Amino acid sequence: MATLRLVAAHPTIPTAEEVNAHFVEMFPAAASTGVRCHSIEKGSATARWSFDETQLRPGRYISGPTMFMLADTALWFAAFSVIGIESMAVTNEMSIRFLRPAQDGDLLARASIDSVSSRRIVGTIQLWIDGHPDLLVAVAQGGYARPAESS
Amino acid sequence: MATLRLVAAHPTIPTAEEVNAHFVEMFPAAASTGVRCHSIEKGSATARWSFDETQLRPGRYISGPTMFMLADTALWFAAFSVIGIESMAVTNEMSIRFLRPAQDGDLLARASIDSVSSRRIVGTIQLWIDGHPDLLVAVAQGGYARPAESS
Amino acid sequence: MATLRLVAAHPTIPTAEEVNAHFVEMFPAAASTGVRCHSIEKGSATARWSFDETQLRPGRYISGPTMFMLADTALWFAAFSVIGIESMAVTNEMSIRFLRPAQDGDLLARASIDSVSSRRIVGTIQLWIDGHPDLLVAVAQGGYARPAESS
Amino acid sequence: MATLRLVAAHPTIPTAEEVNAHFVEMFPAAASTGVRCHSIEKGSATARWSFDETQLRPGRYISGPTMFMLADTALWFAAFSVIGIESMAVTNEMSIRFLRPAQDGDLLARASIDSVSSRRIVGTIQLWIDGHPDLLVAVAQGGYARPAESS
């Protein structure tokens, strides 16, 4: 299977704690939704959404927009592992497929970086309910644009 | 340009007020985000997200997940216009492209239905800031799955 | 509905004949598949794939990759209308939804530009069989990247 | 990382030779483009496009539609590994991201199945030039619809 050669300008991979400190300080509205970085390593990161009764849809389903938000955030965290935590990057585009109902637990999203160039970071994301990593509830794929000045 | 021949089982198009009454009653968590149906007609609907200071990203940007949520909701409202308000339908997949910063106003999303079959409803969505319909902030396209029993 | 404010550097919109002359000369392999620009105007273009018995799938279906190819080409033609025919632009990403079987006629794809920036051109594409513009066989949406030097 | 629990009705995974025999017999137009199944195992398959000088774009690039076609075919082959080679399945939707120029070699696409339900098969695809598996030229993700009668 294809592996990844990352041309990283920043040699230091932040810890999950450093990512969360940055996230809570800079993005308090996003952090208030219960999302945190669960783990991070070179080329990937896992984000967790803590189960919140008040955000469910009828049938007690975790909503599609909640899954999109976690996928987007996981990819952003994963980007930190290759371009550094201070970098600016904005979502360019993303597609998401919903596979089965997401219920009754924390939601996890693992993003793997597929490609890093001077202008774009592309990755693939898998989402599942905590304890059921073999039953994906959604998959996504998308890209972050890096500011023009960094190219 | 291609126009749409809708094979609608439900001849009655709900009003925006009927859509909102259903939305607030059945999806209180989603409705609490400030989303409402702004208008609906055969084959399309427009949803509005009322500007909320507390949900902004640094730089006072409306977040990508907020735009995804509104695009998804607009397509769901548009589906009501062809299959009826009581129908069950769940997002199957959606892709979204972010085009420019979204700031300083209510967000609007207009969904147009491209196709209706017994199993799937597909549509295209344009998003802009109120007052600036000629400067799209995002576009999306996606599909809703209809339950198997309806086929 | 949202309309488009195009910030075009090139004031001259090429004719379909000019687009085709460029296409046949520069992209002979692509042109040999039977694709041509059918029409072009500011912000949109229509491409046509001439029905070819030898390229069909079992059941005499026009293949998904043929539809993708035409959607991609239509968006590229539409880009000519806003950035000029000589411009370099490469597909960045595209998503496509297949809606119903495509059979028994020329395939048409109309691309409408949604957004033009210094780095990216995004548009939406509708595909149908000649004579049946009200029964879309596929819809797509995607972006072309402009070279960094043009930003 | 999330792994996959496949609920396969067909216990027998076809060999690459069996897939190719079926492909060449049933889809001669597609097979004439130089695509073949390279390998197949439970939940994944790799397809190969043999380098063809006559199909290149200016700059000797392998075209985007060629990459889409191979990604689509690889996912179809991978589906054989979980639902059997005789099954009917048609592409529902697919998104593709082009990451870097594809040149000077055979193109390979590896599809991994993310989810199998009675109505849909979803997977993720990575593409690279033979000999350079660490430099992905494109990634894709999409779904195949299974006929209603199989649900």
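Letters A, B, C and D mark the chains as written, and numbering starts fresh at 1 in each.
Just so we're on the same page, a contact is a pair of C-beta atoms (placed from the backbone, for glycine too) under 8 Å apart; a residue touches a chain by one contact, two chains touch by 3 or more.
These numbers come from a predicted model, not from an experiment.
Engineer: Quick one: which chains contact subunit B and subunit D both?
Structural biologist: A, C
Engineer: Measuring centre to centre with C-alpha atoms, which chain is farthest from subunit C?
Structural biologist: With centres defined by C-alpha atoms, farthest from subunit C sits A.
Engineer: Which integer distance in Å separates the CA centroid of subunit A from that of subunit D?
Structural biologist: The mean C-alpha positions of subunit A and subunit D differ by 26 Å.
Engineer: Mind pulling the subunit C residues that touch 2 or more other chains?
Structural biologist: 92-93, 95, 97, 120, 143
Engineer: Graph shape for the chains shown, where an edge means the two chains touch. Line, ring, star, complete, or other?
Structural biologist: Contact pattern: complete, every chain touching every other.
Engineer: Please output the residues of subunit D touching subunit B within their complex, sorted ascending.
Structural biologist: The touching residues are 92-93, 95, 118-120, 143, 145, 148, 151.
Engineer: Touching residues of subunit A toward subunit B in the complex: what are they?
Structural biologist: Contacts found on subunit A: 26-27, 29-30, 54-58, 63-65, 68-69, 72, 90-98.
Engineer: Which part of subunit A faces subunit D closely enough to touch in the complex?
Structural biologist: Residues 1-5, 95, 97, 99-100, 110, 114-115, 117, 120, 122, 124, 126, 128, 133-136, 139-143 of subunit A touch subunit D in their complex.
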